[in-house]
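Here come two complexes built around subunit A, the first alongside subunit B, the second alongside subunit C.
Coming up: the complex of A and B.
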């Protein structure tokens, strides 16, 4: 599988369809991989793909220092492809401004899991592929089990649960850095005129930060889970994201990452949207 | 339940409909609960959800958001965008454990002075039942922020 991926990547570079390959390289240990940026086809053998290639490489596509490298071809798993689609939807990349080297892994993290190379795709092609191959895996009962467990708690218990979880937050913003959707050049938490969010790692500031992080992803999160994996304090951020995904799905029948040409769900409306909560 | 508890309710209202409606309630000499502090904004679409978080940080027991009825928005569609935002945001706060009755949404037109008065009365009664919002207050106390400069009202320097 890796030979196919390398051959295709090499071909893309040599033909000039892309000027940089953003992919995975060998990490410092067996069970980690590190991003590589390859502009010279002689280095193509640095590329690897295995069940430990977690990072969502779309985080790099929107950053100025990587934009300078030119049109990218990015190794992308399903959720990374969704991230590319949302980036195109939000005008962060052009529809034809990137190629995707689509890969799949049977089960991330399991060392002997089988990996596949699905071919080179443009963003619209990736959308079609995902609709056929990945849409049924969204928001399945297994994925929502933890959310529903939390929902079953009485309100006060939920508040206690989340307060306790957020209390551990050290405000390292690893969740934000790992997130392909957090591409703002200046994050609201770094703005201080006026200062909306307290930046100290105390319980109130942490609550506000985590509300902001979660809600700024409403209707945009592609459920790649990188925020939670990046979190050094093991805060269950995925449950928070999925709770919102679940509401977006039930209120607007929308799952993000499947509509590169349409409007983002929170940046549009329908006149007949539900409003039974409004008096 | 505390008997002398007076809920503190922050209302974000739009300039064109609900503010005028509240004004009408006043000029019509309607009597209603004095627990509401009104903040006027141009449009419900102008209300960033951080306004609501900020209100809770500063000790609000509940927040009320009110604007023009659908179709009546002065800017044609601001309230439609707001409606989507609140649909999800209230669920997020609920998921975090903030009781649903601490967040209220309404459409009150410039002609609905009576509706505004009834609304404030109803919200105040509900929050009175619920009691003070100790959850956020405890967070603030734990953070030693209750008296510190960090949570003073926002001001541009």
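Coming up: the complex of A and C.
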């Protein structure tokens, strides 16, 4: 599988379809992979793909220093492809501004899991592919099991639960850095005139930060789980994200990452909305 | 160093009854930055405003807080006063201690404490306020009038006669509206058509009026002085330029039995038709639902007989875009479906009809050429029962409001009936007789005293047919007797409702409407023809049930507001608009998508060599309405709203929490 991927990546670079391959390379340990940025096809063998290639590489495509490398071809798992689609929807990448080297893994983290290369895709092609192959796997009962457990708690208990989780937050913002959707030039938490969100790691500011982070993902989160994986304090951020995904699905029948040409669901309204709050 | 003046208003007793205004002023005097604090009975009065002006001058105030009523009421008043004393008006703010405090609390201690909090908040805001300067925008001196009934006709004529251009849009094939359907009008009994049709002709021939009939409003964008309106000209299938209105097509059309809307179903029309002979324009339209060319693809008779070749079956809807500076909404009303009241037998018995149908029976141009003949057998009815309040003032099944016109037109009906059928007897069942208006009560008395109408104060419980008679069972609550009338015909005075498309239209225009979809005026007493959206005015029954005199008066009022607006070349706009921080904007376009006014533009940032570097959002300040949606939706807080910026709001919240 990796030979196929490398061959395709090499071909793309040599033909000039992209000027940089953003992929995974060998990490410092066996169970770690690290992002690589390859502009010279001679380095193509640095590329690997295995069940430890967690990172969502779409975080890099919006960054100025990586934009300078030119049109990217990015190794992308399903969630990463969705991230590319949302980025296109939000005009952060152009529909034809990148190629996706679509890969799948039977189960991330399981050392013997089988990996697959699905081919080179543009963003619109990726969207079609996902609709066929990945949409049924969204918000399944298994994925929502933990959310529903938490939702069953009475409001006070739920508040106490999250307060306790967020108490541990050390405000390292690893969740934000790992998230492909957090591409603002200045995060709201860094705006200090006035300082809406307290930056020190105390319970009130932590609660505010974590809620703001989750709210800003409403209708955008691609459920890649990078925030939770990046969190050094093991805060269950995915449950919070999924609770919002569930709300968005039930309120607007919308799953993010399947409509690169559409409008962001939280930024639009219809005058004929059946809910009367809008009138 | 801030030197803020605090002015606490008693609003007579309105505030002072619940709030210790003197204590509010005393406490406020000690707030940081406050240089002056007083209370006064009527701050909005001339001496009250002088208190503010003098203090600004003498104490060199840098900001003003007026603790009084809602800013909706008097913010312009106090800002004007501040400006007259040389202070930038946007350094003057109001703390609403009436609607938000005294009117909603009883406990004096609690209310006073809350009033003090409100003042503290606004003092902190004013400390962070910046002077703002009005934005000047040009005015397009052309008005749009929506609806070609008497309200729209009057408004259009008044504006046009005032020397300004008007576009009149009517959704039906002819202007005239409901008034064209009426027989004679109360309280003077002049013939409705005789007073209306000359005005219709005047509209059509007025050099300042552009008439779009059979057209509807598709989309409205923009703001006062600068609206852009898309009008859908529905496919008429008749070329208005070629058609001479000779009527040959209507004569020859084989589809002759379509119930006429204008005759309320009492008469028939053809598939190519004009609603009534005096229609303006007097040119027909093809009703595609019934025309054989459209239903079966063959016929073509009208095209064959038309001497000028005006028939065009291929005609398509056309969208025209017009720029206007003001809009008058005059879309009128409809009447309630009488079959909601099954016990009255409407729809079941042909001789139970509505008031509007009776108008057509009375009309000289109607299906019976003005003779009162009942629909079932064409006989002249000798006993006619009129039932008022069918749907009106009925919380259970109808609407709770009074439809206002029914008492008068029912008296008129009884009177005209008697004038036409001398040996006939009219019976009227009423709840109350509401005849407030010049010569109105006299008119009703005449119906009763001179034309012998029998008035029963009570409701009708049931109407059924027996031996060719309509048995009307009712009660006379004044005598306590039950009444039975064996009638030949029954006329129901059905409730006046808002137009079916009032709500979508209001949404297109961004104007408010009440729970019955009547359009809402800006203030029920002092701004009765304005809407809450600047530049949009109301005329006629789209706002509430209204008779012709009131409608015409309101239409004239709306026209004068439009002419007032058009009297200057530029408009001053409040400078409360959004501003984008281009440093931090990442061009995610959430604001662009969310803005209901289309005020956000995509702007390219260029470097010194003129190369495009990146995109950012940009606010078009003449379009921005300052609603703040972009401000709220921006994830990185890169949009600020002037006059309500983050620093100011933060200061307000801080003032409340760091007491």
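To be clear about the criterion, the second predicted complex is superposed on the first by the 271 of 279 C-alpha atoms of A that agree within 3 Å, B and C clash if a C-alpha of one lies under 4 Å from a C-alpha of the other, contacts with A are read in each partner's own complex, and residues count from 1 in each chain.
We adopt the following convention: a contact is a pair of C-beta atoms (placed from the backbone, for glycine too) under 8 Å apart; a residue touches a chain by one contact, two chains touch by 3 or more.
Since this is a predicted model, take the numbers as computed values, not measurements.
In the superposition on chain A, A:207 makes contact with subunit B only, while subunit C stays out of contact range. When both complexes are overlaid on chain A, the residue A:266 reaches subunit B and subunit C alike. In the superposition on chain A, contact is made by A:91 with subunit C only, not with subunit B. Looking at the superposed arrangement, the partner reaching more residues of subunit A, out of subunit B and subunit C, is B. Using the contact criterion defined above for the overlaid structures, shared-chain residue A:244 touches subunit B, although it does not reach subunit C. Judged by the touch definition given at the top, the superposed model places A:183 against subunit C, while subunit B stays out of reach. In the superposed pair of complexes, A:191 makes contact with subunit C only, with no contact to subunit B. Counting contacts by the rule stated earlier, residues 188, 193-194, 196, 266-269, 271, 279 of subunit A appear in both its interface with subunit B and its interface with subunit C. Here subunit C touches subunit A in the complex through residues 504, 507-508, 583-591, 593-594, 596, 615, 633, 635-638, 646-647, 650-651, going by the rule given at the top. Every residue of subunit B that touches subunit A in the complex is listed here, in rising order: 49-50, 53-54, 57, 70-71, 77, 80-81, 83-99, 104-107, 119, 122, 135-136, 138-140, 142-145, 150-151, 154-157.
Against subunit C, in their complex, subunit A makes its touches with residues 90-92, 183-188, 191, 193-194, 196, 216, 263-264, 266-269, 271-272, 279.
Across the interface of their complex, subunit B is touched by residues 147, 150-151, 153, 155-163, 188, 193-198, 200, 202-205, 207-208, 211-212, 214-215, 218-219, 240, 243-244, 247-248, 251-252, 265-271, 273-275, 277-279 of subunit A.
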